[in-house]
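Look at the two complexes coming up: chain A is in both, with chain B in one and chain C in the other.
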Partner chain A sequence: MIKIGIPRALLYYQYYPMWQTFFEELGAEVVVSPPTTQTVLSEGSSRVVAETCLPTKVFLGHVLSLVKKCDYIFIPAIRSVKSKTYNCSKFLGLPDMTKAVIPESPPILDIDIDVNKGKHELYQAIYKLGRRFTWNPFRVRRASIAAWQANLNYQQLLCNHSLTPPQAIERILDTPGVEPKTHSEYPIPMQATIAIIGHPYLLYDEHINYRLIHRLKQAQNKVLTPEMLTTEELESATARLVGRAKWTCEEEVVGAGGHYLRSGADGVIGITAFGCGPDSLMMDIVQRQAQTMTTPFMSLTLDEHTAEAGIVTRLEAFLDMIYRKKRKRICV
Partner chain B sequence: MRLGLTHMGNIDVVAKAIANKLGIDLVMTPSASRRTLDLGVKYSPETVCFPFKLQLGNMIEALELGADTLVMPGDLGPCRMGYYHKVLEQILRELGYKFQMVTQKRGIIHMVKYLTNGASLGKIITAAHFALAKLKTLEELERVVYEIRAIEQDKGEATRIYREGIKAIDNAPDYRAIGQAKREYLQKLMRLPTITSPAPLKVGVTGEFFVVIDPFTNLDIEIELGKLGVEVRRHISIGEWVRLNPFVYALGLREKDKSHKAATPYLSRFVGGDGWQSVGEKILHARDWDGIVHLEPFGCLPEVMARNIMPSIKEGPPVLNIIYDEHTGKAGIITRLEAFVDMLHRKKRRQVALCV
Partner chain C sequence: MKVYLGVDVGSVTTKIAGLDENDELVTHTYLPTQGKPIEMTQLGLKQIKQQLPEDVDICGVATTGSARYLAGVIIGADLVKNEITSHAVATLQYTPQVQTIIEIGGQDSKIIIIRDGIITDFGMNTVCAAGTGSFLDHQAARLDMNIEEFSQRALDSSTSVRIAGRCTVFAESDMIHKQQMGHRIEDIVYGLCQALVRNYLNNVGLGKDIKPPIVFQGGVAFNQGIVKALQEELDAEIIVLPHHEVMGAIGVALLAHEEMVNNNNGSKFRGFGISEVKYHTSSFECKACPNQCEIAQLSLDGQVLARWGGRCDRWERSPSS
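And then the complex of A and B:
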């Protein structure tokens, strides 16, 4: 059986169920790299120039950990998933860059996804990928329909059940979760509602953000993430702040930020990676919006030198500020 | 409407020519200075790329001088530049300026119509043709200057004449005056006393468009290379950018198309900005360039991609990467250029020795 490696980084958090279904329908076995560790991160960083953003370094570390464990590595080049939006350069050139900096990697399965080019091109691209496994075009078609259905189910799980992507993937794969179910086990009233905005690959990689979500939950806070909002909510908030979105990932930052700053959260934490191009401008827009609102906002920038103590200190200070604010409001 | 202009290389000359012909009120800001940059850095987001900071500084200076309309193209592919106008507008409005930001949101035709006060199409084309003639002359002059700078006896003379030439072409009122200025300054350049030593090294300058084009941003890197006796080759220019000949496009004769084709084995996709071209030029000019100086602003997404891919290309000349931000100092760059040029000389001597 052909083994397909999928790195547990970048778009894994958004599309893994879809990819898995597609390849398994075509009779391949899917291998996912283990969760990020310090070794993964430092090995990935050692291959690229220093300014490359943290998630890309993590991604390359995951590719390195898959070397010799699979026959192919699946690295899509996702250009746009919505008309007239663009993705960051790192995503566009990801297969080429991986090939250049990791020459020992298994052959790369790449696919160009660009909906701006029209349906025909998109179907051709999917078919071209499927042809590596089967000669039968109908089988590719069946696999892609099943994959799309899996993606819709996944989105449903995220949105309706307020699950985070790792939890939703666990539920789909039916593996027991590692994280304790804070909601049911501790019936203590929540202290505050904190929204976290940013890209899924920063929010849910527990190694690079030092288990931020877990820490917030442990301190008895309700955590909101961009995936919990509906597309309409995200779109309307984006339109209010910047007009039409330019980046593919704009809604999870500007849209979610705009929405949570206005309603539903006592405080908003924006997470960016150092050197992230789109974020350098998008987070600025959210920050400017926060200055005109009363909702507290904190921006955390992550890179490979980020220390746990620094994150914890800032988080504690931020939470203290929010609690104080809430207490004051109750007294008044 | 008073249009504020932001600086980028020789684009002032072009804009002035068009504005004069069409009667647009253009606010001429002083060329970029330390103050421009300080203003930009003060109000910009911290990690945004260098061109944004300079543009912001330029715009503030233009607004101080009474401009009320600014131009910033948006949505230009997967580069941060397409997002500039949204953030620039917010920052400037928060600073209390009243202005209109013109982008091609409603199509490029609408934008041109708005900027030209609804001038007739014929008039616009005539004005654009005249401005492009100036640009073409400037770039021809520039190419000669690259050659002369490397071999002139009194270093700095060619640059002085070139600057006079820019002024003369800028002031030329018609085609005849442009031609005259061109002949005059070409002759002046040719008459400069030169040294007769072995052929100078040829070094290509490539990288991110804005940094390559703008001498203030790249700290006069071409002049510094000239001083070291190096002939500069550069294919990224405003002229190349606005070449409007449909045949050139259709046949893929532009440098851009050629370099994209050359880069395909290593980078087969457009990554935004000029990243693809930077990779391609290393392969395309493997034989005729002795070295490449690759310029980029700090954190530029496409160029970081290019820089990651470049070392895997086995053919091609050595590459020196220079990264610019507001803290870049000229002395540091000169030292690195000297070391790079020394290395190229040594490499060339060894090659010659091997051939003999």
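And then the complex of A and C:
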């Protein structure tokens, strides 16, 4: 059986169930790289110039950890998933960049996803990818329909059951012995509701964000994430703040930020990667919005040199600020 | 006499403050940390003990600063608090109407925005320590003057010299260049103060709504040149409180008092005797997973008191266990 490697980084958190279904329907086996560790990060960093952003370094580290473990590595170039929105150049050039800096990588399966080019081009691209496994176009069609259904189910799990992507993926895979963590594992009386906004590859990679969600939950807070909002909620908040979204991932930052600043959260934390171009624009919009509102907002920047102490001190101070504010409001 | 102690172990200095039951400052000490947080905490406690009467009863202890967890284990803290909350609480005690707190310490700088007695926003410098006390110390040493003289000479400046403050590496080369050009040392020193203030306001203070009353604290508030430059840049009065250098310690002592009143289980303070014992620190690399975390451990008489530094809970030990 052909083994397809999928790096546990970047868009993995958004599309893994879809990709997995597609390849399995076509008779391949899917291998995912293990969670990020220091070794993964340092090996990824050693391949690129220092200016490359942290998520890309992590991604390359994951590709390196899949070398010799699979026959192909799946690296899509997601240009646009919505009309007239565009993705960061790092995503566009991901397959080529990987080829250039990791020559020992297994052959790369790539696909250009750009909905601006119309449905026909999109189907052609999917067929081209599927043809590597079968000559039967109907089989490819069946696999893509199943994959799309898996994606819809996944979105449903995230939104309706308030699961984080790793939890939802665990549930889909039904990993034996790994029970998804629920709120009940943490102390029951909740102190505050904190929304975290940002790209999934920053929010759910516990290594690079120093277990942010875990820390928040351990300090008795309810944690909200962008995936828990419906597409309509995200789109209407985005529209209110910037009009039409211009970046592929704009909703999960601007939309989620705009929504949670207005309702549902006692405080909002924005996570960005140092040197991220789109984030520097999007997080600034949220920051400006926050200044006109009463909900506290804090942005945390992650890079390789981020010290744990820096994250912990800021988090403690932010939570203290919210608790003291709440207590005072109750007293008055 | 009942006393609440606040211990602030920062990267450059160690501060201890003692408050009585009415939250009046009865004793305080200010020492250089010199990279020895344990020894300096012990020495500080020894000095505090000498300043307090024999019949003193330590009713609560809390720690803050970058070595707050370490100091907390050594002392037996009832509460461990971050620096932002500690500074804000102390400042609000002395100037309840404060709206902005500027704090510049040895290695970090912060801004705290307060409205109606509640923190509404804050900022801290990132990894870069440009524009903090250590850099001023270093430049004073390079100009062969002590920091008091540096502060004094900045005030004697007649025309300011523009120095790049974005990065201290550039600031230093810029300063040397200006010296070689023959500018007066007073003007260069004041130019440096202005550069640091600009850097602070453009980094830490970026996007923050700075409104008076503005309180300036931390060790750098001793520096009159910086106070003057801040005043000029913000066009507002800058309040420097007495004991501004121990505000963090005072704040955390106030929090210790509050904590002990709220849940009175008796203080966990290990006693002044801890100044005399020998703590042992060591570290090792955890081999359990590819993260290879460096675990630091603190032990006393062969018994491990605490471990930290891991990315998971494997080695974490709370001070009580």
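One rule holds for everything that comes next: the second predicted complex is superposed on the first by the 322 of 332 C-alpha atoms of A that agree within 3 Å, B and C clash if a C-alpha of one lies under 4 Å from a C-alpha of the other, contacts with A are read in each partner's own complex, and residues count from 1 in each chain.
Definition applied: contacts are C-beta pairs under 8 Å (C-beta built on N, C-alpha and C of every residue); 3 or more make two chains touch, one makes a residue touch a chain.
Nothing here was measured: the structure is a model prediction, and the numbers come from that model.
Partners chain B and chain C, once the complexes are superposed on chain A, both fit on it without clashing.
When both complexes are overlaid on chain A, the residue A:149 reaches neither chain B nor chain C. When both complexes are overlaid on chain A, the residue A:112 reaches chain B alone and has no touch with chain C.
In the superposition on chain A, no contact is made by A:136 with either chain B or chain C. By the touch criterion stated above, A:207 is placed in contact with chain C alone, chain B being left untouched. Contacts of A:324 after superposition on the shared chain: chain C is touched, whereas chain B is not. Seen from the Cα centre of chain A, chain B and chain C lie 80° apart once the structures are superposed, a value rounded to the nearest 10.
Once the two structures are superposed, chain B and chain C can be ranked by residues of chain A touched, with B on top. Look at A:93: by the touch rule set out above, it reaches chain B but stays clear of chain C. When the shared chain is aligned, chain C comes close enough to touch A:313, but chain B does not. Taking all C-alpha atoms of chain B against all those of chain C in the superposed arrangement, the shortest distance found is 6 Å.
Shared contact residues of chain A with chain B and chain C: 288, 301.
Residue ranges on chain C touching chain A, taken from their complex, read 66, 81-85, 117-122, 124, 126-127, 207, 209, 289-293, 311. The touching residues of chain A, counted against chain B in their complex, run 48-49, 51-52, 77, 79, 84, 86-90, 92-93, 96-97, 99-101, 103, 112, 242-243, 246-247, 274-278, 280-285, 288, 301.
Considering their complex, residues 37-40, 207, 210-211, 287-288, 291, 296, 298, 301, 305-307, 309-310, 313-314, 316-318, 320-321, 324-325, 328 of chain A touch chain C. Interface residues of chain B facing chain A in the complex, by the touch rule stated above, are 45-49, 74-75, 77-80, 82-84, 86-87, 90, 94, 266-273, 275, 298-302, 304-305, 307-309, 311-312, 323.
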